[in-house]
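What follows is a pair of complexes built around subunit A, which joins subunit B in one and subunit C in the other.
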Partner chain A sequence: MIDILPLLLTQALLAAVPILLASLGEILTERSGVVNIGLEGIMLLGALMGPLAVDYLHNRAGLHLPDTWWPLVAMLAAALTGALIGLLHGYISAYLAGDQIISGVAINLFAAGAVAYGIQAYWGVAGYKQVPEWAKTDPTWVAVFAFVVAGVMWYILFKSRLGIIIRACGEDPESAFNMGVDVNKVRLLATVIGAALAALAGAYLSIAYLSVVTKELSAGRGFIALANVVFANWNPALAVAGAFIFGFFDALSYWLQTLNLARYEITRMIPYIATLLIVAGVIGRAKPPKAVGKAFRRE
Partner chain B sequence: MRRLALSLLNTGLALFLAFVLGAIAMWISGYDPLLSYKSMLLTPLSDLTYLFSALAFSAPILLTGLTFAVGLKAGLFNIGAEGQTYMGALGAVAAAYLTRDVSALPLAAFLGVAFAVAWSAIPALLKIWRGVNEVVGTIMMNWVAYWLVIMAVSTIFANPSQPEESVKMPEAARLTPLVAGTDLTLAVPLAYLTAVLIYVFLRYSVWGYRISISGQNPTVAKAYGIRPEQAVLVAFGIGALTAGLAGVLQVVARPPSYSLARNLANVYGLGFDGITAAMLGRGHPIGVLLASVFLGILQEGARHMQIEVGTPFEFIRVIQGLLILFLALQMLRKI
Partner chain C sequence: MKVSLREIRKVFSDGTHALRGVSLDVFPGEVLALLGENGAGKTTLMKILSGIYRPTSGEIYVDGRRVKPKNARDALKLGIAMVHQHLSLIPGLTALENVAVLEGASLSPVSTELRRRVEKIAEELGFEIEWDRDVEELPLGMRQRVEIVKALYWGAQLLILDEPTTVLSPPEVKSLFQVVKRLKEQGRSVVYITHKIPEVMEIADRVVVLRRGLKSAEFSPPYDAKRLVEAMVGEVKTEAVERLGKPGERPVLEVKDLWVYDGDRAVVQGVDLVVREREILAIVGVEGNGQEHLVETIVGVRKRSRGMIKIYGGYAYIPDDRQKKALVLEMSLVENAIIGKENEFAKRGLISWQQAERFTAKLIEEFGIVAPGPWSSARQLSGGNQQKLVVGRELSRGAKLIVAHQPTRGLDVATTEYVQTLLIKTRNAGVGVLLVTSDLDEAYKIADTIAVMYRGKIVAYGPVEEMGIELVGKKMAGL
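And now, the complex of A and B:
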């Protein structure tokens, strides 16, 4: 039992990365006043578009690059896809004052369809595609990247002037506006960056962590990230701890599977049940940004 | 009148744009959009068997759509229909396992609905007691239901002679086609009747009124002596009734298998189709009914499209997502 612990903790760390990246994105977005429940879908699109873009450039467009560059290109393609979806969601939420939840639901539905369709249309296989060796990367550097993002985001949100502006847009947009802040522009940019991070989480799943593209690859992680945002009380530093806890249950689920103590269906339920329990346990003290989810209109 | 016209215009515009963008996506991925749309939209209408099949598809979509629509009325984003449908189907399979005669039918309805209601009670109570957001709560329950039902269908309720499905409904307890050789069973009129009942309930009953007021403004509801938590519970409960029924009917009234597929293929995604139906129908039960017929036609049509033109079936989900995005835009604000 003792000797398995370091392995389990390493696995938990790797499982925490996608949850952390997506939660950090959502924290930034919600701190600016926009809620994006389309994380799950954006993750899924990132997981598809990373491998698909490099496959296209490498095999069909015949682009020659050093092998170590391909994973970076995949990450970039995923981030761009995410940013594009974020642009759409941010525009709907900030400038058009549309319903943010409905737009998020639409993103999830669209992504589920687009990924299933994309795998079939591009590779001609139904719902499952192995990522080639040359497009894969070591998950460790993405993990390091995620921790750096957490630190930088914590610093920006709580220690810089920019952070005060972002948080003001989410807490009291009226005052922010009176101070000369372009509230909707801040919200749009925060949503774009947040969505790009969620898409990176997806690319991590497909090219670093699980090495496949499937139509259910994200498996609820986008929603677990949403739960983690609440758990972390919208604080990037706490999100690291939260992601690790959620990641731990994910890793535990796979570890128990290898022990053959129970049917794998039972172990696969663990992350979801743990999420419900954790969220139910902490919710009392969570304090969301006051104006989150509400469109800002100048009088 | 103006409001109805405006919402019809917005819906029409969203449909049009979703299909245009969809056509571009098809064209980029190398399929013929015109031929695809032709076989998707017209083939189901060209033959009575196909049309009845489309109606059979519309029934469960309508029932899960009502789950989301009733939730919306109470100000909830209840996306738990997916998991509750699995639980409803599980109840029906349990009934088929327990009894081998006609009594399996009422037992299936009872168990299926009871399982679904119990399943929705968890996120509902967590929301009321602990303030857990219902989107996160219901999604987690969907995933737990997914693995739970897959396990049940592959173990105790497995069909020894057909490993890909669960035990079948006993023949006496099946709702067989109303028109021989088609998929049209009692499930279709039953689902449509449910929509009318829900409409009457929301419009004319005290609880319907309480749900609407709580959804529009919880503070006002409190001032009227309505407890919004109770309205949340009732809305979740009714949603579970219809979603559970959808699951039951997919087992007892769906020829030819009358069972639950081991990979849940005959219930998978119904909850999410229902969200599309509810959005497209503007949350109004009769609107949801019309939307579900349209989505049923798409479902049936997509099968023909895949066979005739080769465009992947999954394409309709792309269209559905685009459609809701455009509906969320509310492009026209006034006319």
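And now, the complex of A and C:
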């Protein structure tokens, strides 16, 4: 057990990255007052669109790029996809004052269908596609990137004047408006960036971590990220710790699987049960932004 | 800076005519009191001046130049700032961040220069403010001071104070008046919104009275209190009802060594009190000293941690927030009237709506509720009529104890008078009343006994004759 620990911790770190990226995105979005439960779907779309875009550019459009560039292009394509979904969700939530939960559910349903269909339609295979070597990348640098994002976001939210404005929109949009803040613009931008980060988390899964595209690739990580946002009390620094805990249970379940102690259906339940327990433990103590999920309209 | 408002009208989206053409000038270095009842349009007028509402028609001039502020920041750029009654600082941000929010977006942090200047302004006014705490954790009086500093930091030349003394203890009121005087010496103007005559007489250089969206009168010193009231309420007709007889012996409510916790904070700390038949016990204090927890524990909304509560002969409850705690706004008057006693109107589990409607019609008549009809929703009623509905429903329960929490807050003078009269009449009929109020005038007017609550404890308790205003004021401030 002791000698397995370093490996387990490394694995935990890698498993934490997608949860961290998605949590950070959601923290930014919710701090501005918009809730996006479509994280799961956006992750899934990012996981598909990254490899699909590079495959298209490389194999069909015949674009020539140094090999080291392709993973970057994939990441960019995923982020763009996420940003587009974020634009839609942000517009519906902020400017149209639509129901944010319904919009989020719609994103998840759309993604579940679109990804399964996309794999089939583009590659002609059902539900599973290996990512080619040249499009893959080392997960370590994405992990580093995720930690940098966490630091930057913490600084922006709690130290910079921009952060004051973002938090003001999530706590009390009425007053923020009266202080000259364009509340809906801030909310739209935060939602776009948040969704782009969730899509990056998806691309990490397909091109760095698991090296495949499947129709269930995100496997609930988007929802675990939502739980982590609550656990982290909407603080990017704590989100790092939370993601690591969730990542640890993920890694643990894979390790237990290799021991053949029980059927893998049982051991794979560990991260989800841990999520339930952890969130049940912090609920009531968490202090969400007061106006999160509420549309802002002026009298 | 001279500010002029010309023929300002405001019609809200629900059709309320809040202002029907008001013109007004504010001169530099003067304290102008804007006096009027709730709903007279004072706050609406000033929210228009400070950019929060847009007028339906009318013009605003600053030093002769026409201006159209889009929001509070615009108005502030012109030198106009408003300190709201329900203070408008953003929760979740620190006091300092609330000042810095106006600097606009930037990746750089709040400058030390801003902090230095903010602290200097606070010091000049004699304010002690904890700048790095979340404003939600600050007492209301301190939040008000944060708003004043914020306004001055951003260069306000005209400061609008909306009912500023509601959240203050008597010594804090005194120091606020000092601040107003200092602002005046600095050449700034202050518009002081209030419905309290004594405050007006103490600090105003000029008084403008609004009534029903129109300017009804203007006064300069020396003021005649009676004429101010007349201008405010129109004709004054008061049917003075006196407390008859002494309180009885038998208790209707006994509370012994009551402790209530909010999280790990003891908000009610060992309270003892007794309400007897034919007695109005007023618990006074600055809001937020545990009164809410005390009341809500007595009526069973909250859990007590320790201690004893005994109620003899049932109780009725008039909560402090009629819209959130007493009425279901979307439901009809009939439904609201029978909530909590629907069984009296039910036969074999089915409600007899005819009977319920008759009961409601009786309430409407007896308590003078102005409503489109018994089946219109409670939301359509004005604040005063909503409160009459609540009071009517509760008094008709026939309980021996009435728990009334801020029963006249936000009501106009006439309705306030009416509710107070009802409480006295009920008392005279042998019912005990536990009145929790932050309005000292109200307490002195109707109570038999006064108790002062400060930081969760009853710090003074006695018959009204023995509780001088000086003493009560001191105790409210914790002195």
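Going forward, the second predicted complex is superposed on the first by the 299 of 299 C-alpha atoms of A that agree within 3 Å, B and C clash if a C-alpha of one lies under 4 Å from a C-alpha of the other, contacts with A are read in each partner's own complex, and residues count from 1 in each chain.
By definition in this document, a residue touches a chain if its C-beta (ideal position, glycine included) is under 8 Å from a C-beta of that chain, and two chains touch if they have at least 3 such contacts.
On a predicted model such as this, the values are computed, not experimentally measured, just so you know.
Enquirer: Given the alignment on subunit A, is it a clash or a fit between subunit B and subunit C?
Expert: fit
Enquirer: Quick check for you: in the superposed arrangement, does A:153 touch first (subunit B), second (subunit C), both or neither?
Expert: neither
Enquirer: Comparing subunit C with subunit B, which touches more residues belonging to subunit A?
Expert: B
Enquirer: For A:45 in the superposed arrangement: first (subunit B), second (subunit C), both or neither?
Expert: The answer is neither, since A:45 touches no partner chain.
Enquirer: Where does A:162 make contact in the superposed view: on subunit B (first), on subunit C (second), on both, or on neither?
Expert: second
Enquirer: Counting only touches as set out at the top, which of subunit B and subunit C does A:269 meet: first, second, both, neither?
Expert: First partner only.
Enquirer: Of the two partner chains, subunit B (first) and subunit C (second), which one does A:197 touch, if any: first, second, both, or neither?
Expert: Once the two structures are laid over each other on A, A:197 reaches no partner at all.
Enquirer: Is A:99 contacted by the first partner subunit B, the second partner subunit C, both or neither?
Expert: Touch status of A:99: first partner only.
Enquirer: Pick one for A:177: touches subunit B only (first), subunit C only (second), both, or neither.
Expert: second
Enquirer: Of the two partner chains, subunit B (first) and subunit C (second), which one does A:290 touch, if any: first, second, both, or neither?
Expert: Touch partner of A:290: subunit C, not subunit B.
Enquirer: How many Å separate the nearest C-alpha atoms of subunit B and subunit C in the overlaid structures?
Expert: 5
Enquirer: Looking at subunit A, which of its residues have contacts with both subunit B and subunit C?
Expert: On subunit A, no residue contacts both subunit B in one structure and subunit C in the other.
Enquirer: Inside the complex, what are the residues of subunit A that reach subunit B?
Expert: Touching subunit B: residues 37, 88, 92, 96, 98-99, 101-103, 105-114, 116-118, 120-122, 215, 219-220, 223, 226-227, 230, 263, 265-266, 268-269, 272-273, 275-276, 279-281, 283-284 of subunit A.
Enquirer: Touching residues of subunit A toward subunit C in the complex: what are they?
Expert: 156, 159-162, 164-165, 167-168, 170-172, 174-181, 289-290, 299
Enquirer: Which of the residues in subunit C come into contact with subunit A in the complex?
Expert: The touching residues are 12-13, 51-53, 71-74, 88-93, 97, 100-110.
Enquirer: Which of the residues in subunit B end up touching subunit A in this complex?
Expert: Going through subunit B, the ones touching subunit A are 25, 29-31, 77, 79, 122, 126, 129-133, 135-137, 139-141, 143-144, 147-148, 150-151, 154-155, 272, 275-276, 279, 312, 314-325, 327-330.
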